[in-house]
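Chain lettering (A, B, C, D and E) follows the sequence in which the chains are written, and residue indices restart at 1 in each chain.
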Amino acid sequence: MWPLLRLRNVRHNYNGRTVLDIAELSVSAGTITGLAGPNGSGKSTLLKILSLAARCTSGTVYLRNRPVLPFDPEAHRRISLLPQEAYLLRRTVFDNISYGLKIRGQKNQFRDSVAAALELVGLDPSFAGRFWNQLSGGEAQRVALAARLALKPDCLLLDEPTASVDMESARCIRRAILLARREWGTTLIIASHNQSWLDDLCDTIIYLYNGRILECSLENVLLGPWLQNNRREFYKELADGQFIHVPPPPHPDSSAVIASAVLKLSGAPSGSSRTLTGTVSGIFFDKHFTEPRIHIVCGDHRFVACVPDMNLNGGDLLPGRTVTLSYQPEDISWLEK
Amino acid sequence: AQQKPLMMATTTSTDNTGLLEYLAPLVKQATGIDLKWVATGTGQALKLGENCDADVLMVHAPAAEKAFVEAGFGLNRREFMYNDFIIIGPEGDPAAIKGKDTCTAFKAILDSKAVFVSRGDDSGTHKMELALWKQCAEAVPDKESWYRQAGQEMLATINIAGEQNGYTLTDRGTYITYEANLGGNPPLKILVEGDRKLLNQYSVIEVNPERCPKAQQELARKLGDWLVGKEGQDAVAAFELMNKQLFFPNAAKN
Amino acid sequence: MDFILEGIAKAFVLLLQGDPETYSAVWATVQAASMSMTASLLVGIPLGYLLGYLNFPGKKGVRTVVDTLLSLPTVFIGLIVYAFISNRGPLGEFGLLFTLTGIAIGQTILALPVVIALTATAVESLDRSLRPTLISLGATRMQIFLTSVREARLGILIAAITASARVLTEVGISMMVGGNIKWHTRTITTAIALETNKGEFATGIALGLVLLAIAFVISFSLSFLRRRA
Amino acid sequence: MDFILEGIAKAFVLLLQGDPETYSAVWATVQAASMSMTASLLVGIPLGYLLGYLNFPGKKGVRTVVDTLLSLPTVFIGLIVYAFISNRGPLGEFGLLFTLTGIAIGQTILALPVVIALTATAVESLDRSLRPTLISLGATRMQIFLTSVREARLGILIAAITASARVLTEVGISMMVGGNIKWHTRTITTAIALETNKGEFATGIALGLVLLAIAFVISFSLSFLRRRA
Amino acid sequence: MWPLLRLRNVRHNYNGRTVLDIAELSVSAGTITGLAGPNGSGKSTLLKILSLAARCTSGTVYLRNRPVLPFDPEAHRRISLLPQEAYLLRRTVFDNISYGLKIRGQKNQFRDSVAAALELVGLDPSFAGRFWNQLSGGEAQRVALAARLALKPDCLLLDEPTASVDMESARCIRRAILLARREWGTTLIIASHNQSWLDDLCDTIIYLYNGRILECSLENVLLGPWLQNNRREFYKELADGQFIHVPPPPHPDSSAVIASAVLKLSGAPSGSSRTLTGTVSGIFFDKHFTEPRIHIVCGDHRFVACVPDMNLNGGDLLPGRTVTLSYQPEDISWLEK
């Protein structure tokens, strides 16, 4: 079976500046894919291209191996996007949610669909009669999502669906997403900065950085600039006065990425390894990893490390305890600029 | 100090034919009067006089002029020139009026229901036409479908008649312009002319300074004097459009 | 001054006593304006939408041209239309001269730049996230057009009102192309011009008020489209 | 048809050979229009802003009235202004009749509803979060006005262009209040009317093109304000 | 010393519906106050009223005990708000950030202020030349914040400053907020759904619910409807089939709130207490509590409980372990509708 969506050699420019450059990306039908990355890394641009809402400067989008363009008669109505800044039509909530059904030629009987969509996003049915400008920020965001859910699309792309949404509603949206996949077989691609929400929901997560897909995750990213000491070692000083040492960076401003597996909890430095001391701020369970993960704050910076079960002795790792991390500078990799 | 210009309200025919532009420098030279004019319909020209917005009037609607003077709006109405009206129509002449006298022609048009285009704007020409209908056919055929009331300037009215193959009554000056505009071979030809009834009398009237304190009656009188005087009369006689005399001085009969 | 008061009184008389000449002119005005507004809105709104919506090289130039055409003098349009539909013109055989249809053709030319320029501006002022939102909901190009027009309804409404005001008040075209023929092509504005020329200022004022009454009926009925924007 | 081509040729002759009568009319047109546009923008933009910005009871009624006033016929305005500034009118002593200032007064009345209605619509179409944002940045009421006008510049620009087109092309006011006096108050449009009356259609066309040239200069110079909206 | 800002009997209506009703609220100078609550609870409305960007339907706002109204000449320029949907002027980023300085009559020399403000929100100085519509969602949000920071206001109110902002930048914004208080003495009030970010930053947190200030925190809120069994006990079924029992609700649709201290980790039920079984998903350290806090997932729902240190035996509470919670139904309280 072909992947539902596939990008090849896609590149997108704004005013001549390349903001997206993806050689190859496939999304299989029925999966939930997360999209993570810092501001400006190209998540929204990628979602617009994948949803055929915009055309990439160069490259091809395939839908089940067929190249497709915006307004493709077949694909157009099966893929839906919740843009980051969704526009609400200057009408009632009811009209907003039923709009997509109406333009699909569906006749009347929107009432049930609209009520069902509102319930999915955790809004009271009485909201249907409200006007677009009588909503709070989070309510508007949820109405926009409801308008997409009402369409029961084959493929749904969500750009920051939980921005300015309360925690209870974020859980509600999570349930709606899982329901969409289960009941309608919807394939989902979701960009979000709510890392734990995303981790919890998605089958796979794609990390974007400067318009490129990263091979690793973006757990511990340290921005430049990097200094050099008189032994020609590169380092950066953290806010609490500790130093972190790195291999020679490609550029003094490059960003270093330290995979959580690189940071060991064995306190004593051995050979060429270096150490960092910090305070545990939390321990998590993340379904993408077999081991629990621990957050350690060093000065201003929060590091994520893996906790092999054998390392757990008593309550040593509970929040508030001080621990020592060790790492090999050579294991630190660099992000392309 | 420089003299204030003399404001004249007049009808479009004197302006459109170029008569005033021809006379203004002569007036200036002879009397020192700086002549400015507003060319509108006769009715509006009389209204401007009534509202004291002009010092002197040059119009051609004798009945209305007399009423204007009798109402005390104007003084010293003096006739000083005329031109003549003509009946024009398509070369084919469906009502067969060519060469007939005015009343016969009007009756023929009425009987044949040939298209007749009226100015319909209360101008001097229109008033003349209405008078002729009453005189020759008892009533104005106001609502007849062949009787088209244009409500426009003379030239536009002739154009409408031309487009609709109709007859109309016009002053000779405008017809000469029309003829020239169409390269000397217009679709409408002169069919009736030279009848005594078809005289188009122009006069000059001073605005009454008793009603209008700012009216410059002295200058107005001066202009009138010049127009009825030999110099003015000769100038009028010498004015030509397309090498044809348009206006005929007749101040002598005052 | 008196003629203003007199005119106001006369306006009531004309309207309430059903003066046939006035009603004939009202009817001619309404007929010509309906034809020209229908044509200019049908053509102008899509063109204005495209002008506001698309980005193409030379767009700025096209906008400048449209803006310039806002200043087409009515007599000028009248002359051009006259040249085409006069008996000696290329379209003479259709007999459009001195008809309301002829007037409507000229008025359409007059109204089109207004509709296009104001629609383009209204569409340009739409939120830039409207388009991706509509696409993402599955709207076709035609549906995007229709919905954008509805979202820009305030701006397009005022475009329509401004254009119809321009059409209702123009004299030059009606005079030149229509001929101001009583009972046929005499519109309110040509009647006003005529009455004023005749020195019947009060009647001119009265007819002006009649025109304003028509305009009021139009803007009042359209104002309901303006609710809840 | 011929007179159109002839007119186009003649337009170049008039402009390039510097025909003094034409330049006098151009100058009169520009003077009157500058005065009236200055006045109507200075008064109309603030009023339009308030109308689009404030919410007050009866606002809808005011908008309907403004929309209706878009249909003020020019001859009607001419008559009203004439009534006031005629020698027997209440303002007769100022000697405004048959002057460019008089024309400008009438043209201001003509342009004001256009500026107000279109500015109000432009302001109403602004993003509703502009106002709280400006307040939150510490803007005073006056600064909110100025910034809102700048944010709505596309709409207000087209309001100014539409109003100036209306003013440039009007005949009724210039004719009635100005008197079409050669070398003094003869504007391009009254000159076109006169030439057309005289049957000089080619000259009418030529003068119409001259007017369009002025309009082009205006919209071309204003089009630079349109960059980056 | 008077509180910097004080509200008395403030009530706000939209279309006749009361959305805010606060009898008394004071904010002391130099504090950082958090504002939490679900969508539509009135946070944005409250911030607009506090910042004098809107006028309340009834009631009074005091600035240092002086009643103030919008456009108050003295207060107007000292209080600044970052609205939830901040509008960027249709100009460059530079012009947007310098706008507030310009209207304050400051002459030239914006360059340094703008660069400093951009740095505070973690944006490269090169952004100054970008146009408003050439920014990603999070970049735009940060530019809007920079425009407020550039003013160095006495009082700064932020409505969802971290919505659609990446985690690194959220930390950056946190540093900027702390700097504002330290260097300029700015008083801050911040509404956010990012509970952990808010907890970490604020001195106090105010919880809003349905326009009213809550006495408790909003940790564990359970929405209705509530069912009644044949023993006339009220309960709700969780997604995994467990039941949660509550005292009689004021209304079948009322929301119950269970303070974290009510949920005990002592596994065995005693007397009238009830139990819930769930999986530990994380442990946190939260500066507002002396003890670490634990997140436990039961079915769809995540509960927060306190962990008294004495309860920590070995790694029992590490993420992934199954634990039992017990509670007294009488300790559960109700939110006013």
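One rule holds for everything that comes next: contacts are C-beta pairs under 8 Å (C-beta built on N, C-alpha and C of every residue); 3 or more make two chains touch, one makes a residue touch a chain.
Because the structure is a prediction, the values reported are computed rather than measured.
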Topological distance between chain A and chain D, in contact steps: 2
Set of chains adjacent to chain C and to chain E: A, D
Which of B-D and B-C has more C-beta contact pairs: B-C
Fraction-based call for chain D against chain C, same above half, different below: same
Centre-to-centre distance between chain D and chain C (centres being mean Cα positions), rounded to whole Å: 17
Chain centre separation in whole Å, for chain D relative to chain B (CA means): 35
Computed distance of Cα centres, chain E from chain B, in Å: 87
Chain centre separation (chain D, chain E; CA means) in Å: 53
Per-residue overlap in chain E, given as positions that touch at least 2 other chains: 85
Sites on chain B at which at least two other chains make contact: 156
Multi-chain contact sites of chain C, meaning residues that touch two or more partners: 127, 176, 196, 201, 229
Every chain pair meeting the contact rule: A-C, A-E, B-C, B-D, C-D, D-E
Residues of chain B touching chain D in the complex: 7, 12, 15-16, 21, 36-39, 51-53, 153, 155-156, 159, 177-178, 181, 212, 214
Contact footprint of chain B on chain D as seen in their complex: 86-89, 92, 97-98, 179-182, 184, 194, 197-201
Interface residues, chain D side, partner chain E - complex: 127, 129-130, 132-133, 135-141, 143, 147, 150-151, 228-229
Of all residues in chain E, those that touch chain A in their complex: 14-15, 37-40, 44, 84-85, 134-139, 142, 159-160, 163-171, 175, 193, 195, 221, 223, 279-285, 292, 300-302, 307, 312-315, 317-320
Chain D partner contacts - residues on chain C that touch it in the complex: 1, 3-4, 7, 60, 63-64, 67-76, 78-80, 83-84, 88-90, 114, 117-118, 121-122, 124-125, 127, 152, 154-155, 158, 161-162, 164-166, 168-169, 171-172, 176, 188-189, 192-193, 196, 201, 204-205, 208-209, 211-212, 214-216, 218-220, 222-223, 226, 229
